[in-house]
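What follows are several structures.
Here subunit A shows up in two complexes: once beside subunit B, once beside subunit C.
Let's turn to the complex of A and B:
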């Protein structure tokens, strides 16, 4: 703006000068930048004011009824007091015990657990499926790559809700009934219109002892490893660190198993002395007398009506720890049995006295208490049940349901499968892009050095691809977790469905909306925090 | 293990035997029947205009490219579809690339020891000892703990050479090792190559460094259009080329 002029400029010129200074400084990029930011802040503030004003108006309109405290006062801070009331609705397949007299908070908590359950399982299996499909897309095998291509394209180009409907209504609900459930590859995995049931290790009361031994074994592994490594350094002779470490671990695990089995003496069963079971050395030599057979091995040969008579009726309490160990022994002895579940020890004892069940199995303390209430305790006998720390629990038909093992309801199963398949397809493309981002020269150098295909993938390609994969992977995971709210479509009681039900019953829309948003925000933030930390860790390498 | 000694002797007198090698990329015939025999300890330089098939040829020698017809026998082992043969040959043949192809996510030392540990199944200690010897020999032992991205081009290429040599190959393939380097870094790489040639390694190099070819090569192979046009001693090749195509090529590169 420097004007070089010999004469002092006249006053009108001075004004012109000021004007032109102002105009030209408006076009100065630095000034424009500051002005732009000010304008933006003003807009944001105005926007927030409008939202808060609207919020306030709506709270006014909702009226005082929504904000009554438990003591009858009116206070906005009591907005969530209704959550302590009885929920009154049922939850199918709750992750923890639940009755409809529990509070709304508890119901919502169960919904939260369900969301977390689907989210975590979904993330794990999506990662596996997506990685495999992504690698398969790049396979040199024509058939594999084309199958992967078809999967990715079909799944990515159809809406996830429709896929969920198809999986739930068309596939899962039209599976056979539970009494002729599909068995997958003859493995103890059963598919029926009641969902998925599969064998699962069940922890028993003495499992803590065994787990303590396993921890000991792990420590042993570490110590052996360090010791042998030092020895190798000292003597220069190679030592078998893996071999000795694993050997020691297995030995300690076996000792732990034996100890845990013998130490545990908490479970037992109560049976009339005159009954089917004659006591011999625990129940490892069960003898069934009623039907006229003297040895268990003869039982399966009986005609059907006699077999039904010989069937042992076993009464247990719900969630009984005695049951898996007892039934395991009965199965290994080939004794036909039927499990009858009772809500309280009293009811089980009554059944035992009536002869409806031959055996009542529970913890020793419960049985001792029950034995004291029986009129003629001498005609009953208390037998110990052998206890393993972990029992392989296999699903079996009990009434109209499969009991035992791990079971997933059709809704949970459908939602999980639907999300895994959908996001697996998305992830496959992320993985493929990541692998393609590693230059061809890298694989060539690895091949020239003689590394085989698995080594090239694990040591060279994937570590480099991971840097490209992780950021979009995080957003895939977050979408998956938020999409668990699609459980609504198949009636899976996740956080969103339960808060919707709560909202409808209590009429507290505003409160529930805030809760549900806060919950999803919390889950997503925690998740992205963890993943971003991981991301920054792996990208720090390479200078 | 003394790296100053030369390589282990090859099992056969002829380190590399190529007979009537053909290679197609779809319809395009990149190699049209190439015959070449390289004796143990011999240094051969392949020259030729771009697109003449020289890189394809050298890459066929360790199966980075697959030849469709003819035979390639490396140190008595024929390159077939048998994966055991391929792996054995790759262990015995080291390769250095134009773009270095170091692994950016590993340190220099890890770059060098990766294959010895995973392919040769050496202990880490043994691999690292040998790696350090080779880093010393190529003159950059102080860079062992850096990442490739922190090194200059010349240093990276020397690391790549050390990486190939720590596998203890008998044969070395150089695919335009100096073409991606700044001019002032070319000599440091050529010095190392000269050193290796003197130590008795069998070397096949594709390069545009005429000085190196003239001085170090025992024979010069001139390729054009997927065929070998002329094989000659360096002296005769540069002073009395027999073939018209060779004369044209030399006039183009020497008089620019």
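Let's turn to the complex of A and C:
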């Protein structure tokens, strides 16, 4: 201390210098910037504190009940405990089985799947429609290009909400009822006010074998391609790479089909021995089995009472794979049949014993178990059923619904169509700009080199156009995925609608808002990371 | 010029009647047998056309025969031109645009059939069988007609019948005058602006004065519109001096700052305006309020087209400056907070939050939450134990902040804000505004919001984030030399952006901004999904009205066309502005 005081006091000159240095360094832009930023952080923290203080007061006032745990404690960590309660609301279009006694978590999970379903389908079909419309805008046919122009202008200049309303309320809901559904071009595609139903391949238990063969076929294709390409290089004679590759693939696929059909032995049916073949006015009642030999069928053009007599009643379990498998074979044999769906094997067996159904079709393990419970097992037979790896499941009218095949609810259908049309219009402009961005000289140079149209598009134009197209394409995809929340407009139970229903029912606004925000932020983040990675891969090709 | 550019007009007479020799082998090869794909396509299109024509002949023979005949005539014209040299402009145009090849001709036929079918069925619904008067659109009339077996298409009377609802929603009719006054005010200002900005008045002093008055009018118009459409009421002393002086200081501080950074000059006019503007406005405001000239309207009654327009105008105007600030923030190149400040603070803070249960674990002022203060000990499962360790996020964030933004807080905050808003759907933000506002505002209700205002602010935040990205694009498009030149002239940041960068960037941005204006206008229809009665919401209410039950097609089509017209007009207008600013001509 003494030492310091012993020092001579700084002269007024140096004092002035220090002062001016301090002042000038305070007014230095960099220092000012840092100070400003620190002030900013402090302000933000204070702002959040004020908001949270309000929030605390409001929680006290609006409802502490939101944070009561199961054991009656009050703890904000119990905010999401209510999600394990019964949801209590119905979901019109669940992607998995759902009953309203399932938990809120499960309902939310279904909403997530629904959002994903619309998002992915929407992205795929938007790309197709947008590309087609973009190319149509550049068509040499005046009519095509003007129609594409009108489409783009009209769609881009009207709100997507009204488009959705028109598609759902005006068009889809005024389609004919399900029993005289519109059939598109006589194909197995049905449009009705219950939405879209169309034939769809359904994978059976032996499909894994067949898919393995398909993979083998693909490998074969690649190997053949490389081998023939090398041969072409070596000999200079052109080889038919496509032809041989596809030929080999088809051969392997057919072999795989035959193998899978014969290997599979999981499906069977249980039927009384007495009813296997019964004469109904000269027509054998038919059952198709794996051996497939002892049964004859004729097209029954019978009067109604006899038709009812001849109809084969088939009991199956709900959502089982046995149904499309057996019904396909019955259809191909032209047997009139009626499907009775049961929830449990016990109920189906009871029906079988009561004679309400002639046949109970299910997997072998289930049937063996059921056969053991029957009092007189000897009077019943267990027959193997022919089993293809993939069965073409066709929608059929049953009661007031179309069963089988792929069916999209009217809400999902409307939302999907609405989003595809709206974003297709935006994408058309992107694609058009991309194609136009490739200079004409490139096309002419390609022609001069003797490339054909397909080569020119694939090798010259598209790689250059993609660089222009991809960044706006990414933002289009992201907007589309976010706009699946418009399911609200048509009542499609996506993530957003289910969160809102949960919110209304449980009164937990804050918790659900956090869930919604976090979900959309996460999905945007993931998609933008993937797409930006793809973009960087594409643009890396640049010099 | 035009004649050489247009190939049809460049046809000389001798060319016009010259026969072209057609090599049929080449013709077949080009049009049909060139490749397998082409042949399959031709066969497919032929089958489709035959199938479609036969179906159409069955359904509407007259119309289909006419279409087929027209198509045949067009083909004949081209064939005549090619084979017999009877060319005209029309036949050349057809050859180049509609019937370039056989496949094109088949596609043209298909589209002609499809378009006539679509158009006639729409015409049948919208015009031929439509009714037009209000009386005819009532449910009694329609059900009587249906009983009598008369087919009625559109009942357009509903639009005129519900005009009041569609225009102003549930607003009480006594306020119609104020709405009309607002519309006239805006219309007059707009008209004056577009007239006074004509080039030929550039030298006319009278017009220039009018132009200045118009500009002042625009500045005042937000307040005037607020008074007209929301109204004000005031009770108490005429002038509250403390309020008056407090805000006068704020205004003068802004003025001083702008002067300090050389953006404004100290002219007598400027001083007069800045000093007098606030007291004058305050006095007028109080005067109107105390006299009760414009009693307050419950703004939640706003609806219909009025609400949609208020949304579009307010959100666009408000999000513009916010967007500029965010864009500048995102591009800000300021000195970051140095690491020797960040890390000590971060570590101290984290330690405090981890080891003391002071304010991290006891959210704000909720007393009930503070009963179980030891988060770790009272955790029921590992998830909760993980949550108890939340302060560890702070060093992670600090690391990311240091790594990605070099401690640049301005940039980091702008990016986080923009990306957060752009990452969630608009409808969630709007809903958030409605649901969360009561949670975060003071309990005593002093800050209680009308639903409309909450939605407006939510929408502005959303729009501003998108606007910021647009403007950032514009700022990036300005060549570096412009920034450097401004720096070289010794301009400060404010001057640089005010006088050099923004005028250029905004001119480039006109088309994008017009797109954004249209987008905001269109997207405002989303508010109908969260329970506001805007143009779409009130439209949906119209056809649930007993009298007009079930007329949804008419209402939706009307809305569709209305939105289309407004959007098209805005985009045409923006193209005119673009031309008048000389963009794209250069």
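Definition applied: the second predicted complex is superposed on the first by the 420 of 543 C-alpha atoms of A that agree within 3 Å, B and C clash if a C-alpha of one lies under 4 Å from a C-alpha of the other, contacts with A are read in each partner's own complex, and residues count from 1 in each chain.
Basically, a contact is a pair of C-beta atoms (placed from the backbone, for glycine too) under 8 Å apart; a residue touches a chain by one contact, two chains touch by 3 or more.
All of these numbers come straight from a predicted model, not from anything done at the bench.
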{"item": "Which superposed partner A:159 touches (first subunit B, second subunit C, both, neither)", "value": "second"}
{"item": "Touched partner set for A:449, first subunit B, second subunit C, both or neither", "value": "first"}
{"item": "Chain touching more of subunit A, residue-wise (subunit B, subunit C)", "value": "C"}
{"item": "First (subunit B), second (subunit C), both or neither touched by A:530", "value": "neither"}
{"item": "First (subunit B), second (subunit C), both or neither touched by A:441", "value": "first"}
{"item": "First (subunit B), second (subunit C), both or neither touched by A:463", "value": "first"}
{"item": "Contacts of A:238 with subunit B and subunit C, given as first, second, both or neither", "value": "first"}
{"item": "Complex contacts: residues of subunit A adjacent to subunit C", "value": "29-31, 33-34, 36-38, 40-41, 44, 49, 51-62, 64, 67, 73-77, 140-144, 147, 153-154, 157-163, 165-166, 169-170, 482-483, 485-486, 488-489, 496, 500, 503, 509-510, 513, 516-517, 520-521, 524-525"}
{"item": "Subunit A contact footprint on subunit C (complex, rising order)", "value": "96-98, 100, 104, 107-108, 111-112, 115, 334-338, 341, 363-366, 368-369, 371-372, 378-380, 384, 387, 407-410, 413, 420, 422-425, 427-428, 431-432, 435-436, 438-443, 518, 522-523, 525-526, 528-529, 536, 540, 552-553, 556-557, 559-560, 563-564, 567-568, 571"}
{"item": "Complex interface listing, subunit B residues touching subunit A", "value": "62-64, 87, 90-91, 93-95, 97, 99, 101-105, 114-115, 118-119, 123, 147, 149-150, 160, 163-164, 167"}
{"item": "In the complex, subunit A residues that touch subunit B", "value": "238, 439, 441-442, 444-452, 455, 459-460, 463-464, 541-543"}
